[in-house]
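One chain, chain A, links the two complexes that follow: it is found with chain B in the first and with chain C in the second.
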Partner chain A sequence: MFNYYLRLALRSLKRNVVLTALMIAAIGVGIGASMTTLTVFRAMASDPIPQKSAQLFEPQIDNWGPLKHGEVTGESGSLPEQISYTDAMAWMNAHAARRQTAMYATSLALTPSNPEVRPFQVPARATFTDFFPMFDVPFLFGGPWSAADDADHADVVVITRELNDKVFGGANSVGKTVNLDNHDYRVVGVVDRWEPVPRFYDLNNDKYGKPEDLFLPFTRAIDGQMMMWGNNNCSGDVGVGWEGHLRSECVWLQFWAELPTSADAARYRSYLNNYAAEQQRAGRFHWPPHTELHDVREWLVYQHAVSDEVRILVLVSFSFLSVCLLNAMGLMLAKLLGRAGDIGVRRALGASRAAIFGQCLIESAVIGLAGGLLGLALTALGLLGLRSLLSDEVNRLAHLSPVDVGIAVLLAIVATTIAGLYPTWRAAHVQPAWQLKAQ
Partner chain B sequence: MELRPILSAMRRNKVGAILIAVQMAITLAILCNGLFIIEQRIMLSKRPTGTDEANIFAITNQWMGQPADLPARLQADLAALRSLPGVVDAYVTNAYPLTNAGWSEGVKLHPDQKSSNAPSALYFADEHGLPTLGLRLISGRNFNAAEVADRGLNDLAPPPAVIITRRLADKLFPGGDALGQAVYVQFQKTRAPIIGIVDQLQVPWVAASGWGSKFSDNAMIEPFRFVAQYSHYIVRARPGQTTVVMRAAEKTLIDVNRARVLRKVQSLTDARAEVYRDDRGLAIILGVVCAALLAVTAFGIVGLTSYWVAQRRRQIGIRRALGATRKAIIRYFQTENFLIAAGGAAMGVAMAVSLNLWMVSSFEMERLHIAYAFVGAIVVLLLGQAAAFWPALRAASVPPALATRGA
Partner chain C sequence: MLKMTHLSKAYRTEVVETYALRDFSIHVREGEFVAVTGPSGSGKTTFLTIAGLLEEFSGGEYQLDGADVRGLNDNQRSRLRNEKIGFIFQAFNLIADLNVQDNIDVPLRYRGLNGAERRRRIQESLARVGLSARARHYPAELSGGQQQRVAIARALAGSPRLLLADEPTGNLDTQMARGVMDLLEELHRDGATIVMVTHDPELAIRAQREVHIVDGQVIDLAAHPRLIVGVQTHA
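And then the complex of A and B:
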């Protein structure tokens, strides 16, 4: 029966090529536009670490006082998005979470052993060893440095596969040394491909960028007074020099805690509040404790991981799709009612309403499928256009995944079938007697 | 023109007419909001920095570690850059416009104030800063060499004097007497007299909303040579020589000292293109979508009107046989489309305004100027007329003889 309806549908579509082409084009263009933006939106809004996003938390604390932060950022009532060195060290030493790490982005100059090659800049991250197991970072060679290395402020580094390819030609470099800012560091591990999008652990700059090329112990970076490569916000008195910076209330560090169960999270919340209350008693804070704890998904929303531009584009393109569907609906109505005579004859010969309904529905699904395929081609084209128009950072998001392809085709068929419901319903209610008489 | 037959025909084709009207309404709502956003982004990306952009480039320099002789290295670099042929002037700084990265301070008028009077971008420059950037001094004077000192990343030496932009001056001293008055920058209790006011200097942050968007022309220059592991040399070349000088400057710096990484050598023209790339991209994409939207709506109208024409061939033939001119037939279909489009446009203006209100609340966007809605309405009406014209012509060519044939 299905095959017969399918043949009927194809024959009927062939009978009015112009109308059919218009419908398919309208749906194709609509699907193309909306899928192009949806692809980027889905990448921006995706969960970068789905297996653990509910167990990783970014704590915040009010170390400036309730009025001060709002004045600097223009958002009253909000907490600083990063923390001070004082708080970071206190939380690291407390070990109140299963794993925890303070960290910041920095930049080092790498001098290759080949004197012919000019030194080049390497984006780096100063962190603690917990970073690697906490974020499920895969290793190609070696592994993270040890907790003892953290305590010893050791000259060790973990590098990415890309940097390993560039400096060591892809060979196992564990145990070898790299020269950074005129100082030798021992490679202990090489990270395999690891590109969480968005780069949730530090959303200050390059939200959708790649992770840094190199990781080194936080304690070593502080010793070396390695510059911060991100945002730094200060309030109150700041002391002179690096020591003054460390003692200040400037917020410039990210901090993550791994809390496997909700009981752990609740315990950590009360730890943070007790800590803030303690700071108040000690005279550092002159205001009641205010702390917050966000897991990865909450943190992405809090930090506006999806850009306004993409939100606007998604809104516009889906409105566009709705116009295209209304359009196709009008054309389908015209087409089906133009065939009222045929339908009348079929009804008179014994076809039930359900049969007519099913047949017309298959016809609209065929249009939807064709429109979806055209839309898919246009989406690929649209993403190509997007890549040439938008910044490199956004470019990394403009790639079609198999899931996106499935969504496109399904969206086209479902949307077209829904748009076809009314015309189909009208067709099924054609009065056979009236039609036959009119002819 | 008799409207009654048109209305009664439309009543029998309610759904088709409503579909077209709703389509036109949505088209109108997207069209005027889209055009509005396009115009906003273009204006955003055209804002001047106040500098001689076409002839300026920046070299971002990173030393290896923190060498003890940084001040001497810096002086050597600056001397080498300033003596290069084709170079007008050069200086070293912590930040420059069109980069989305820089420093800011809250400026106060009294040392013990709890909150600041205005946020401002903070740029460091020696006496070569103003001539290098080509800033227009509207009152007061430039720094002199005696006022300029070295300043490190975490130093806190108070500035002996400051130069501020006209916008910041107006904000701090609405009376217009900023020159010679003093300001206090956030962490310092010493007064810094305003010795000069420049016409314009943009902050480094250029986003449409968020940080910096509310004080885009508040800038303050402090008389410091920025001595740090990571800093920017700003160089102004003679007109038309930017590209050549840029390459020579890069080579010169490496010849002076190899123990460094030149992270970025970029003209301000390129910096502008890069920093506004997403705004330009958004404008172009919205433009394409608006064009596609108009095309789809137009084809939809052509399709449905053609169908109505085909459906009414017999009636048209009868009207023609009874003496209706071709013009009258065309007018019939054009009027019919006008009535539908007018309904759609009325609905669309309301939708456009509410869409905009919603976007204002969720995207920090500005309110849509009502003129956009009216322009959009006119565009949609004209589009309808144009799209209905071809089917109307077809209708007009139906021969009167059709009436006599039994269909």
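And then the complex of A and C:
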């Protein structure tokens, strides 16, 4: 009967083209509006590293004291989101996790070997070699530098595919040198396409932006006194000069630890608490030890990766979809009750209420499918509009994935079918005797 | 075939209870052609819709083909209606956006017959009413008489035990009406059980038997001679 009902639905839709177009337009506009915001929301709220998000942890430590909680975040009770150089080095040297890395964003001036090309600034990240296997960074050529390079403060870099295209014309540049801030660095690896969204490992700046174009050993960056290009929050003594800055309680480094099992995470928590207690005993902290450990998904929530404005926008757009569906429901009711005579005849000829219900429900689903397809087109237009209006950062989020397409169509069909339940129920309860008497 | 005993049908509002049928008894035997007559508002159509299981009744008993229909759920009533009853309406009630063969196909679809069986029945019933050449025409492309023939073909396609006709010639001119009545008589001769509601005495006279309804009750015409319009029991 499904095919029969489907044929009847298509025939019915053709019977009143204007009413059908209005219903499809109402659903399409609602789906378009809601999917535009939902697509952006999903990109913002998506798990950037689903295969490992439960194994990667960002530790926090209270090195400012409870009276200064929330000075950085503005939320009382919250710990600093970054850590000091003192803590970062202590945690790196402890090797308490399977893998760990401290890091910060910086920027270097790259002077191409071709004198006709002008030097340009390259966003860079100073980190440890564990960064690459921890975050499953894929390589096009070569690989990460070694732990020995970290220890030796080696002049080595990993560059992205884009930078490799720009500087080396896409050729394998492993072993070649790049000049950064008037110093030569050897390329050891070229990262293939890798764009986690949000950029979870450092949400301080450009949280939906691309990863940096270049990576170099943290130890080399510290040696080179490369300034951080991110948030640097200080409380109390900020220190004098570079060394003073390193010894200060300023928080400016991100730190990630890979802890494959829950037992590893529990052990690491103990380590952090013991470390904080040790710092208290040593007279550095004059308050009870306080540390926290968040995995990737918890960290995104903690850091408000999805802003409240976007959440409200999604809510508003789905409210709009509800209004559109109510509209469509009214039109469907008018359409189905306009066919009460035909329904009465079908009932007289042996159709049960369930049969009429099924027939009308399939008609609703067909309208939903058509509305969903229109909604998809409008979503694409909406995202195009967003791209032209908003920043590059948001542009990366404004694209339709196959999953988004599936969601749009499914949402349209399910929502329209639900909206069609009442009209369908009314149609199924048409009194055939009354209809036939009326005729 | 159709037996109603002390049947009643009341329409109730908060303050009023109106009886469309009251203490209504009728027995139509297999193979009979019965005309149900009566003035407007007498309850003829209510009787027909109850007989066709399109409406519930308030009291009494109704047996269709030996089965008590009281207490049947909607699915059971729909199946019974589909398998045992064929309807012919005054307004033809063809579905406008289905062509002739698709209209006839409707009850067969609900019966769950396969495609080959449905096609066979459609062809046979169209041949029976002389409209084989019009299978792909839409109702709007047919005359009133042809539309009623399609409605009869649709009723016949399911091989019903009982044909219920509600003023089957009410919307037709004299010539077309005669053609439809000839067809009904032919069906009766072939063994069909027909109950025809009509207010036209000339049509009623062509039935085997006439049942007269006044104010929702069957009237014994012999006891009320002034109501007699024609011969009540026809040869």
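Keep in mind that, in the parts below, the second predicted complex is superposed on the first by the 434 of 439 C-alpha atoms of A that agree within 3 Å, B and C clash if a C-alpha of one lies under 4 Å from a C-alpha of the other, contacts with A are read in each partner's own complex, and residues count from 1 in each chain.
Heads up, the rule we're going with is that a contact is a pair of C-beta atoms (placed from the backbone, for glycine too) under 8 Å apart; a residue touches a chain by one contact, two chains touch by 3 or more.
Every value quoted in this text rests on a predicted model; they were computed, and no experiment measured them.
Applying the stated contact rule after C-alpha superposition, one finds that A:237 touches chain B and leaves chain C untouched.
After overlaying the two complexes on the shared chain, residue contacts for A:26 are found with chain B alone; chain C is out of touch. Judged by the touch definition given at the top, the superposed model places A:389 against chain B, while chain C stays out of reach.
Of the two partner chains placed by the overlay, only chain B lies in contact with A:329; chain C stays clear of it.
Put simply, more of the residues of chain A are touched by B, taking chain B and chain C as the two choices. In the superposition on chain A, contact is made by A:316 with chain B only, not with chain C.
Comparing the two complexes, no residue of chain A contacts chain B in one case and chain C in the other. Listed in rising order, the residues of chain C touching chain A in the complex are 45-46, 49, 52, 54-55, 74-75, 78-79, 81-83, 87, 89-91, 93-98, 106-107, 109-111, 154, 158, 166. Residue ranges on chain B touching chain A, taken from their complex, read 15-16, 19-20, 22-23, 26-27, 29-30, 33-34, 37, 62-66, 101, 106, 114-116, 119, 152-156, 186-187, 208-209, 211, 214, 228-230, 254, 258-261, 263, 274, 277-282, 284-286, 288-289, 292-293, 296-297, 299-300, 303-304, 307-308, 310-311, 359, 362-364. Of all the residues in chain A, the ones that touch chain B in their complex are 18-19, 22, 25-26, 29-30, 33, 67, 71-74, 107, 109, 111, 118-121, 181-183, 205, 224-225, 227, 234, 236-242, 244-245, 307-309, 311-313, 315-317, 319-320, 322-324, 326-327, 329-331, 333-335, 338, 385-386, 389-391, 394, 422, 426.
Those residues of chain A lying in contact with chain C across their complex are 1, 4, 11-12, 15, 341-342, 344-355, 431-433, 436-437, 439.
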